[in-house]
Structure formats: structure tokens, C-alpha cells
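Going by the order they are written in, the chains are A, B, C, D, E and F; count residues from 1 in each one.
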Amino acid sequence: MKLRLGLPKGSLEESTFQLFKQAGFNISTSSRSYYPAVNDPELEILLMRAQEIPRYVHEGVLDAGISGLDWITENNADVVEVAELLYSKRTSNPVRLVIAVAESSDIKDVSDLNGKRVATELVNVTEKYLKEHGVTASVEFSWGATEVKVPKLVDAIADLTETGSSLVANKLRIIATVLESTTKLHANRTAWEDPWKREKLQSIAVLLQGALLARTKVGLKMNVPEDALDKILSILPAMKQPSISRLVGSEWVAIEVIVDEVQVRDMIPALKSGGAQDIIEYPLSKVIP
Amino acid sequence: MKLRLGLPKGSLEESTFQLFKQAGFNISTSSRSYYPAVNDPELEILLMRAQEIPRYVHEGVLDAGISGLDWITENNADVVEVAELLYSKRTSNPVRLVIAVAESSDIKDVSDLNGKRVATELVNVTEKYLKEHGVTASVEFSWGATEVKVPKLVDAIADLTETGSSLVANKLRIIATVLESTTKLHANRTAWEDPWKREKLQSIAVLLQGALLARTKVGLKMNVPEDALDKILSILPAMKQPSISRLVGSEWVAIEVIVDEVQVRDMIPALKSGGAQDIIEYPLSKVIP
Amino acid sequence: MKLRLGLPKGSLEESTFQLFKQAGFNISTSSRSYYPAVNDPELEILLMRAQEIPRYVHEGVLDAGISGLDWITENNADVVEVAELLYSKRTSNPVRLVIAVAESSDIKDVSDLNGKRVATELVNVTEKYLKEHGVTASVEFSWGATEVKVPKLVDAIADLTETGSSLVANKLRIIATVLESTTKLHANRTAWEDPWKREKLQSIAVLLQGALLARTKVGLKMNVPEDALDKILSILPAMKQPSISRLVGSEWVAIEVIVDEVQVRDMIPALKSGGAQDIIEYPLSKVIP
Amino acid sequence: MKLRLGLPKGSLEESTFQLFKQAGFNISTSSRSYYPAVNDPELEILLMRAQEIPRYVHEGVLDAGISGLDWITENNADVVEVAELLYSKRTSNPVRLVIAVAESSDIKDVSDLNGKRVATELVNVTEKYLKEHGVTASVEFSWGATEVKVPKLVDAIADLTETGSSLVANKLRIIATVLESTTKLHANRTAWEDPWKREKLQSIAVLLQGALLARTKVGLKMNVPEDALDKILSILPAMKQPSISRLVGSEWVAIEVIVDEVQVRDMIPALKSGGAQDIIEYPLSKVIP
Amino acid sequence: MKLRLGLPKGSLEESTFQLFKQAGFNISTSSRSYYPAVNDPELEILLMRAQEIPRYVHEGVLDAGISGLDWITENNADVVEVAELLYSKRTSNPVRLVIAVAESSDIKDVSDLNGKRVATELVNVTEKYLKEHGVTASVEFSWGATEVKVPKLVDAIADLTETGSSLVANKLRIIATVLESTTKLHANRTAWEDPWKREKLQSIAVLLQGALLARTKVGLKMNVPEDALDKILSILPAMKQPSISRLVGSEWVAIEVIVDEVQVRDMIPALKSGGAQDIIEYPLSKVIP
Amino acid sequence: MKLRLGLPKGSLEESTFQLFKQAGFNISTSSRSYYPAVNDPELEILLMRAQEIPRYVHEGVLDAGISGLDWITENNADVVEVAELLYSKRTSNPVRLVIAVAESSDIKDVSDLNGKRVATELVNVTEKYLKEHGVTASVEFSWGATEVKVPKLVDAIADLTETGSSLVANKLRIIATVLESTTKLHANRTAWEDPWKREKLQSIAVLLQGALLARTKVGLKMNVPEDALDKILSILPAMKQPSISRLVGSEWVAIEVIVDEVQVRDMIPALKSGGAQDIIEYPLSKVIP
């Protein structure tokens, strides 16, 4: 039994491989770059452009794949969402497909696009959006550098953006958001009905999400005198019970807890002034709650 | 008056700039990379993907552009061919759009493609070709790495190739040639009717072709005693009259001639043994016959 | 409330960002490279040359900054030292400002510099030092490559060096040390009087120092039979009490201790022969004693 | 007392330095690249080609070195094997010295090599092997690019390969395996008789192997209700007793165990469904069983 | 006899070496990078920062150097200008030292700078300019990245710019031009009085300027029937007499002329339609009028 | 008929290809890197290490090759020297094989090497040299970085050097020169007896040498009034008659001459003051005297 899994080639490739490695799957591309080896005999990995993965998952050429909601929608792919995976090179924000025009353009909102020319990589999504808003415009496929086409070549573009900064740099103004998109592990419907494949996919999802969660968490350990225990516990996050173990032959206890990395900044000074000693922070590879 | 000219971004970009520089136009991309500066106030250069240029020329957004016959055809662009420009990074062969299958495939010729799946960047050209050959197949747009999709993802591909070596390396077998394509300077039909634009385009064509011709030619000069003149002239190419000038105060003449670089290898030993002396070869920047 | 913090651009930039990341502050330079984003709304980061930071801290344009004692002194900056931060690319040695001459020079000590020409990036520090030693010399600002100026352009240089190897390679001889310098988190005097800013700075200092300390420490765990406990404890560093916890349903205890990484080399063979089993070493991100 | 240790320059250099760093020895090559500094005053490191190290160890110029069995054998080096170290850039497979011919060659096995020409970097090993198989062939030293010499320059090659993929890419067929080789820490026989050097070498071996073992292991911690303890223990590997400690004031115990990273994929879903909570995985730097 | 010549290290270094090579001086930096070898035993080349060269020329440590008028002025260097050399990486425009403020600043002209803070690399030039305009401002030395300091760190900057595009990108507005600067070959006054050094410098100047002039010129040759000679001559530039030589045994003459490269674009179509044949353009290395 | 020619892979590869290109042979390595294509159907090019080429030429596997006298000698290759080719990356000096010891060594000349250990890449040449000098030493093959082996690993080295600067940088002292070596086009003795191959090789030699000669020569043209002709001719090199042609309808003559580039520096000022005008220098691709 093998699960055929499509992973994105290109800008997400490196971070996808790192995520899988952290989850326990070593993917190595040495021999043939589009069909990499992986240290799990139950997996067959295929690298391809993120734009194409949902189509091949939909058609069953792949059992499952990783791509964005944007391309799932553009391909009209009827697939099962197994897990949302929040990882990217720069931010944890979803990517947005926005319609943008030149800063100085007369076009103020979507209705002004009637009769205009719009360039985009996602022609289907854009046409559907415009139709839903009662707009008739010419939507043309853009082979690249979409953001520099306004206003010399087209009147507007529908472009993917994470922070909007590239649009600002090109003196563009956003007039509408067509879609918000995050990365999805998604499966073919027939493959999902196969018990072995579904269990394999769910197991992969747990490991990937455990790896992603671990990136935002750290382990904290500290020694605390018993009489300061209540105070220290009140500083730690309430939700989860910390592990407390008594130290042999002493009036001290050791406390260990998993916390959000971003909270540590504020917590450590408070813990120290509350009487904790020998506070250490250590990194985690996976966290499964 | 300005002529709006689209030049290809990407793999041909550097060699296109070098050709224009040799022809007398310095294009510099320092300020904004898609709208470079050029030292000719009558020109406005726009860089874009070669795939898109014919469409924008056809529609009149550009007056003229440089792209391949492949993309002119794929875009159904009704444009005027001003000049054929034979330059590329590796060979002077035309690029071919070929249909290829796995070496071990049962598919032997185009008729075997009935009911199969074909991936290609040139969907329109491929569909038209298959229809003309009475074949019904599913032609899907490929976002890249087309040559590794056979046989795992599709049955055949229609892919551009210069030497075929990448196809061989991926263990593919060519079963048909859909199209041969060379690079074209092509113009919008309306722009071509404008006398100023037509003259400007013809002037650019003369300079570009003069630059390309100079890449295959060299200048040869030599001194020859008068009595060896006939013999030497019989070695030189017959087509063009060489320039012969008498040297002051001597029995020698100087001969100067423009020849194909590739002929020089065989010509120089013959000239030397024929009595020519002080043979020099010098490089040329433009040759206009 | 915002704390305005100047960080060094250039050779220390990457290692400074890594240190802040380990301390819990993600600095990203994607949008505008001199005013990077940071995941702490209470911080505003400005990147600038280390040479300038103390001046701007002194004048109050910045609340605090990170730079060396060398440049604090050169700028005559009257600032508060919040923390010493020992990090650099190669060694943990302080950097020294030394006066060097050609190996073959007659100049033997500082007093021989009378009437000579000295090139340096730190003109003020060098002039003050020479004056204190009763030497009158011409000290000129060097724009770079100071170490190659001797003896063709100047008689001596005052140059920063970590290991002295670049001076040796240029056949220079050190005759005096003007200054030893380490990296300092330093604050403007007025900002330091502001309770919020002082607390924020102290908190940053704790986290940065906790991160730096963790780089020299590791966590060790091992299982020990109860009757070997005393022997094992005698091998571990005496200063800190290790955490000892009894394993459920066994005659073994688990020992956990934080030690200097450099001691582990010698400790592990001793622990093993002392009866410890399952010794593991794990990395730490922060250590706050 | 100093131990003089030869480490391989070139393709293994970076991974060797990383391994030593993880084992506690920081090697820095800043000053002179072939005699790097190391943070252990008892060590003197010399970098040289792996091919030469066994010769210098054999002759006593080095006390010990790291190189492959292949080059130990080629050099006829009579040395002590201190430890096998399984690390390399791509796989953990041993490297093999294989004899290969062109795919289309008539040569089917070693006996067909009589009177043929064989190119190899390991002339001695290859000649000895052929002689043992009763074959008389001309074995010549190859300065590089051995795999492209068949069939134009020689009839066969004896070449080192890890996966065989480079041989396949050059259309070669393997007809015999001469040698399997792994990386060895090996010592000069006289040095090994010196008690201080032997102890130092054994200590280095323990640390290097502890570092290598840690690369395949991870730490797992989880909280388990007491009544689920037996079930959870049955999922964990049987060989080693996990550390179990009771949590203060609760019916839960904390379990900590070191497991193979490759097992974690299967273990985590089982642990979770068995009742374990707050499962975390953390990385290890050294594991000494 | 040796002439000691300072050449700029850094951004101008490569183009300076290319210019000297074209002028006949091969400078190679292989042995020691600041004191390169040159194939002229009468020259000693020293590389240093352009900012320092005029100071060392002024003081006589160098006989001559190449630097900009900006740094000659900043150093108050009393030197002899031997030649102006118009070469740079991007344009042939002079570089300008401009005062710039934030686009949104209230500062409109120089008089508004009273009491403000100005950062610049050229402190002396800027202070002198402000004083001449009756302005009292604090001018501080900037160690780099001057253009990002407005408005957070200073009110205005005095910065060097070739095209102004970097200022625009940083949202700055130019309010005054302090200085226009071109590159100068300049000499120490005493060295200039030495006949040998003066002649050597003048010879270098002729060769460098001959090389620079050749960059804007090309050679044109063509064959012309005698009866078209007048027409063709009327198309060629009037200033210089072209070389006309009669071809042996024919009614044709060969014309050869040196013209501005930028004129060739327009000239070639006219020459061709005027009856010229076999027009060739060839490159030049030096042009001395 | 094909000539099988071995060209050096590695440090000379790029400059060899450039030389062949200038000589009229375009070698392109795109398809398979060790058997490149060439635009001459009579040539088959094989790339290999320079060390091996003479051996394969000697044995007749190659008809001819390009390598140094050093490796011809080391291989005891009995070959025909067709042409000496003086080209290299840095200087036109021959490379020398020198014996070097540590600066501080007691070894003063070759006779002191008795009983010492010498590392070298050219074992045969070195052993023969030492034997001729009556010295018995252990000569061992060095796999690389030979110059850093003294004095830790060996007593002396025999190393190739162009300028000696790398030896100086490693604090070595040259005690003897074993061999001077230049690059040779050399042929197999049997191939040389074949008339077609010999003629082909001689033709290649003429073209390569014509290309090399052109690198040291330039073309000069100038216009001279008839009455200054004698003076100008006296400045030009006496050996070769310059081409003098009368300009139509004027009292001027045009002079054209090929001169050494290195002479131009001194000639141009003299020509100008002698009355020559419109002096131009142009580059040459081949010069066959």
C-alpha cells in the first residue's frame, strides 16, 4: 500500500521539506528532482507546481496533496480538506487574492470594472467573483509580473498578496478582496473512503500539526521552594496542569510546563521575582495536546 | 512619436539586450525593471513574458514585439512579421514543439493519442494539431516541468525543445513535430500602416539583422605581391569583390574582404601558402550587405 | 509606549538578530531594511552602523542601543551601561584597539610615535591616548583597509583586532593596546529615568543574557541506581543542586542537571564508569540562574 | 600532551566539523585553513585529503585520523580501528568500490577483464582484487571523472559509489563489488599503546558515537492517568525502562523515554488514543546508553 | 623613476581597471590586493578608498590619483587637475551632492535649515556651503545609509546621487545642489613640476582619454560607386575628412570614417539607400583626434 | 576522418575554450560535459585532467592533446611537440616545478635532502631529478594542498608555481628548480605520420598561434600629411612595411600598421606630436605574419 502525495515545487518547497522532516519524514531530492525519496515506504512523493496539485488530486492521479485554497478553488477541485497547515516563509497570515488598480485610477470599487481588462493568474476565480458582483469585464491570464501591468497593459489585476507591500511598492490600490487562502492538506474523495489511506492521512496530519504547534511553544523548567509554589503556579498559564515533581531530599519542587514562546518574554521576569530558580527554556520538536 | 516595443523577460532577456546594444540601442534596467530606459527617445521598451507579447501586439497595446512563432500561433495573433531574428543562447536551430511519450509507451504515432491525456504549455496549438489529425484527446495546461509528467501524470506531452537532449534525459520518445518556431520581430497591423512607425521598425530590423550577420563574419586583411594577386583572389569567396588598394611605393597590394568566420579556418593556411603576408583578422559589429 | 532601540547594521547584524530571536524577539527585515518589523509592539528597532549608535543614544534620538565600548568612547557618549553582551562571530574575546607598526619599523613603543603619522577609524580615542602618553602625532581618519597602509602611507595605525591574525598577515607588530572593548546594551540617561523604559530594558537584558548563557550550557539527564547516587553526585558540579526524582516502581533515580557544555567532554566518561545509564544531553534556549 | 588528529578536507569536511561540534569540540578554520583551531588544548587538528590520512597515521606522523576503510586499504595502512562512524551527506549506506563497464559492453563478469584496461583512483585495491580473481589487466590511476572514461578511454572502471545513481546516469553496468567501506576513527599502533592517547581516543570515540546516536533518537514526554499506565507502557519500546515520576497532587504520572525518531510516526497516534496527553518531542545532542 | 598613482578601491575599481587595460596598462591584483602589479615598470599603483586619495596626493605620499571633485574639495586638497575622465557604471552624468529632506517636510529651501541637523559623508563641503548661505546647522558625519536617516534621525541629508532615483525611492525631496562632481586624474603640485612625471602623466591622460573617446565611436567602412560619392559624403559627418581610396580595377571607391556610435542608427539606412554597399561597422580601442 | 583531441578540464578549461573560439572553433559543453560539441565535423574533443592527457596521447587513445611539458615528462610520454602555446590565466611565464622547504629549515640545497621525505604531485619527475643529483629521498604522492605539508608532514615539497607567491605566503623557501614547463599541443607519433592528421594539426596550430599572437598586437591607423610621412615612418617599428594608401583628392596618406600593444603607450604621443591625426587603435582576432 502506498499513498501518492503531491507536494509543492518552488517557493514553498524548502519549507515544506523542513516541516515534513520535523514531522519525521526525510525527503531527499538527490536522484530525480521531481520524484524524491522519502524514508517511509508507505509514501510516494511527487513534486509539482502548487497550481496543479488540486487538479491531480481531484482526478485521482494523486491520493492527496498540499496546496492553497486559492488553487483548489481555481481548479474547481472537489476534494476533502484533511488539515489546515499554517506555515509560510514570512508571516502566518493567510494569502489574499485582491483586485488592485493604479493609485491614480478612477476605478473606486468592483462595479467600476465593467468593460475593463483584468489580468490575473486565477482566471476562473476572478471571473466567478466578477459575475457574482454583476460585472462584465475581460479577464486575461497573466504569465507573470502581474503587478507591473497596471496601468500600461491592463486596467486592474487580481493578484495574490501576503502583506500588500509589493502592491504598495508598485503604486497600486486594493479595491476588493476576492478570496482568503491558507494551505491545505487535501485528499481525493475516493482515496478518503479507503480506510488505510484515511488513517495514513490522519496520522500525517497529526504529525504535521504537532510539528507546527511545536514551533510556537517552548518547554520551561524551574526549581521552586515549596512555599512559593502557589505564587509561581499563578504566574503560569491556567489552562494546562504543569508537571510538578518533588526533588529528593529537599524542600524544593521541580516544575515543568509547555508555554507559548511569545509569553516567555513576560513570564520569565515574573517567575524570577516570584522565587523560581534555575529557570531553563528548551526547544520542542512536536507538541500533541 | 514613440514606438512601443515589447521585449521578452526571462531566458532571452540578456541576449536580447546584448543584440540591441550591438545594434546601437543601450537598454538599462536600473530604475524600474519592467520598463527599462533606452538611449533612443523614439522608443518605449516594455519587458514581459514572451508568451504574452503577441497578444498585446495583436490588440495594439504594443506597436511591436519580439517573440517566437510558437507564441504568436498560440495566441492566434494576427500580426505583421517584420524580420526573423536568429539568435538564442545555444544553437541557431529553430525551436520545435514536439509530442513525446515515454520510451516504453505503446503509443507509436499521433493516432494512438485518442482518449489520452496530454500536458502542454501551448494548449491551443496542440489542440488544433490533434484535431487536424482526427485525434480526440484531453489537452491540459502545464504550469511547468512538463517533461517529468510522463508517464505518472499524463500519457504524452507537447513540449518545446531545441536539441531534444532534455527529452532524452527524461527517457521520452518524440512521436511528432507540431511546429517549428523562430524568433520574430512582429508588428501590430494598424501600427504597420503608420508610415513613421513602419520606417522606424524597418530601420530597427536593418540594424538588428546587421548586428546578427556581423556575428558570423570577420574582416580579413593581407598584403599580397602583385604577381600573386590572381592566385589569392581565387582562394577568396567569389561572390563579393574584395577591396584592393595599392600600397604606396611598393609592388604590393593590400586586400581587404569580409568572409564567414567559419571559412577562415580553411582559408588562412591556403592564403599563407599562396603568398599572402601579414594576414590579420578583426571583429565586426555590423554588416549590411 | 515604545522603546526605540538601535541595532548594528553590517557584520554584527545577523548574529544580533539570531540572539534576539533566541531571546524571544523575531526581527524581520523584509519590508524596509533599516526599520525592521519586530513581534513586540513595545519595541521600535532602527538599524544603523555600530559607529553611530552611541551618538544617537547619547543625544536621545534613540532610547537605547547595542554597540561596542570602543564606539561609545569614540563618540564621547555619556550613556548608562545596561548589560554586557558577549557574542561575536568568531571568539568570545574582547576586541582590542591596538597601535601597530611595520615588523621592520624602528618604532618600538608609543613614545617613538612623536611626529609620526597614524591612521585609524577611531581618531578621538587614539588622539586622547597619545596625548595621555605625551606623544604628539598626526592622527588621520582612515576610510578602510587601515592595516595595509603601513608603511607606505602612514607610520603606524590604531586598528581594531580580535585575534591579531590579520595584523600578522600584513606583517605588522603591535606596540600598544589603547582599549579593550566588548559589546554593550546601553541606554540614554533620560530614558533610563523613565520607570517603564528602565523595566523594559532590564527585561530585555535578562532575556538576552539568558539566551547567551544557554549557548554555553547543556542539559544532562541520566538514570542512576540509588546506591551509586553519591558517587555520581560527586562527579557533577558542586555549585548547583541537581534535580533528583525517584522513578516509580524501581530502585533507580533520575538526575537532571545543567552544566557547562565544555565540561561534558570530561564528565560523560566518568559518569558512565560511575554507573550512570541512559545519559542524554539536550540543548537549551535560555538559562536564568 | 597533545593528540595529533587528521580530519578529511573536502566533501566530508563540513559534516565532520558539525559532528565534532555536536560532540563538544569547536573547530574553527579562520586563521590557517589546514591547521584549524579547536577548543581543546589536548588536540591538534590537521586537515588533509582523506586519501592521505591513513598513510600518515600508519607512519606515525599523525596519532589518529578519520578516513574510510577504502583508503586505509589502498594505503596498506596497518592501523587500529577505534570506532566506526556512520555519517555522510546523503545516506547511511556504506560506500562501495565497484567495477563497472558500459551498459552495452560484452564484459559480463570479472573474468572477462583479462587483457583489458581499468581506470580507478584505488589502484592497489583494484590490482589486488583482480589478482585474487586470476585476472591480468592494466590498472591505471585516474585523476578524476572516472565514470565518463568508459568506453572511450578504458574498458572498465573501479569507482566509489554510494547509491549507484551516477553510474546509471553514465550508462554503466556494475559487474562486481570490490570493497564495502565505512568511515573509521583509526589510530597509529604506537600511539595506541600510549595510555594517555588511548584514553583520549576512547573518550573522543564515546562522544562522537553519542552524538551520532542522538541524531536517530528523540526524547518523548507525556502525562498519563495512572489507570492507563500499563497500556501506554505496552506501546513504548520494551528494551529500556522509561522514567516514570508521579505528579504532585494528582492522579497522573509523567513518563519520559528516549526512542528512535523513526518510530515516533507510528507511536504518537497510538499513545494519543491510549490516553496520553501533552505529548512532547524534544531534540537530543548526545545519547550514551 | 616611478610614478606613484592612487586608484579607487571599491565601486569604481573594476571599471577603472578596465579603462586602464583598454589604455594599455594591465593591472592585476592577484598577489597583494592593495598594491597590484601593472605591466609598466614606471608605474606603482596603490589602491585605496576614493575618499582618501586627494589627501594623499595633496601631501605628496602619492604623485597622482583618480578621485572625484567631491572628495578633492572635501579634503581641501590643493592639487593639479590633469584630466577629466567621464566614466562610471551607469551614466555619463556628473554625480551631484544634494541636500534632501523628507517629501512631507516643512523645509522648503536652504534657509529653512537653520538650527537643524544634517547628516552627510562630506562634512566640510556641506558646512562651507551652509555657511556661505548664512545658515547655522549641525552637520554630522554619516557612516552610511545616509538616505534612510531622514526624518527619524536627522532633518536633512547632503548625499551624493547620480540619477536621484535612490532619493525618490526613500521619499526624499531635493532642495539644493551643493556640488557637481566628475572624476579627475589629479597630481601633486611638486610632482607636476618634475618634467619626467609631468610627461608621464600627460601620456597617461592621452591614453585614458583616447580609450574613453573610443567607447563612443565606431569605425565605418563601405564601398561606393564613384558617381554616388558626393551623395554619400553629404550623409557622413562634415567635420572630419573621411579616408577615400580607389579600389584597384573598378569604378568603386572604399570610404572609411570614424563616427559617433549613436549616429550610426540613423546613418546606415541613409547610406544604404544612397548606394553604399558592404557597409561594415567595427569596434575601436582608442581614438586620438 | 576525425582527429581525436584531448583538452584540459579544470583550471585551464575556460581559457582553452576561449582560445579555440578565437581561433574559429566553438566548443560547447551543454549536452555532456566531458565530450563537448564543436563546430568542426573533423574534430572530436575529449575533456580530461591535464595530468592524464599525455598518457592517452602516448598510447594512441588520443591523436593529440594540450597539456604541459611537466605532465608530458611525468608520464614518460613519447610524443611529437606540434606547437608551444603561451596562455594561462595570470602571466605568460612558464610554470616551474620547484623544490621548497620551510623558511627556517636547515635544508639549504638539494644535497641536504638525503634521507628526507618529499611530497609532490609529480613523483616520477621528482625522483628522477633527485637521482640525477645523487640524492636518496622518500618521494610520496600528494593528493593536494602540498604547500601546507611542510614542515609538519614532510621535509620538502616539489610543487608547481607560476609566481612563487603561494610559496611565500606559506613561508616556504625555494631551493631548486626541477623543471620549467609551458603548454604544448602534442601529438601521438603514429597519428603524426598520417598526412591528413598532420595537416589538420598544423592547421590548428597556425590558427591557435595566430589567435595568441593577436592578443599582443593591435591595429593602428592614422592620417598623415605627405610631408610628415618620413618622420612618422621613423617612429613606427622598422621590421614590417606599413600599408600606405593615398587618400583621394588630398595631400594626405593613410597609414595602417600592426604593432605590439605594449608599444602603443609610447608610440601614440610621438605620432601625435609628429603630425599624425585621427589615430585609431582597433582590436585584432588573429595575426599570421
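What to note about this one:
Just so we're on the same page, a residue touches a chain if its C-beta (ideal position, glycine included) is under 8 Å from a C-beta of that chain, and two chains touch if they have at least 3 such contacts.
Not measured: the values here are computed from a predicted model.
Interface equivalence for A-C, evaluated over D-F, C-E or E-F, points to E-F, where over half of the contact pairs coincide by residue number.
Ranking B-F and D-F by contacting C-beta pairs places B-F first.
In this assembly, C is the chain whose CA centroid lies farthest from the centroid of chain B. Matching the C-alpha atoms of chain E with those of chain F calls for a turn of 120 degrees, to the nearest 5.
Comparing the CA-atom centres of all chains against that of chain D, the greatest distance is found for E.
Our note on geometry: chain A versus chain B, Cα centroid distance of 44 Å, whole angstroms. Note: centroid distance chain D to chain E, computed from Cα atoms, is 58 Å. Between the CA-based centres of chain C and chain D the separation comes to 36 Å, rounded to the whole angstrom. Among all residues of chain E, those that touch two or more other chains are 245-246, 282-283. The list of touching chain pairs reads A-B, A-C, A-D, B-E, B-F, C-D, C-E, D-F, E-F. Those residues of chain E lying in contact with chain B across their complex are 90, 163, 165, 218, 223, 245-250, 252, 254, 261-262, 264-266, 268-269, 272, 277-283. Residues 9, 32, 34-35, 46-49, 51-52, 55-56, 61, 140, 142-145, 148-149, 152-153 of chain C are the ones that touch chain E when the two sit in their complex. Only residues 23-25, 28, 30-31, 39-40, 202-203, 206-207, 210, 214, 219, 240-241, 243-246, 253, 256, 258, 282-289 of chain D touch chain C when the two sit together in their complex.
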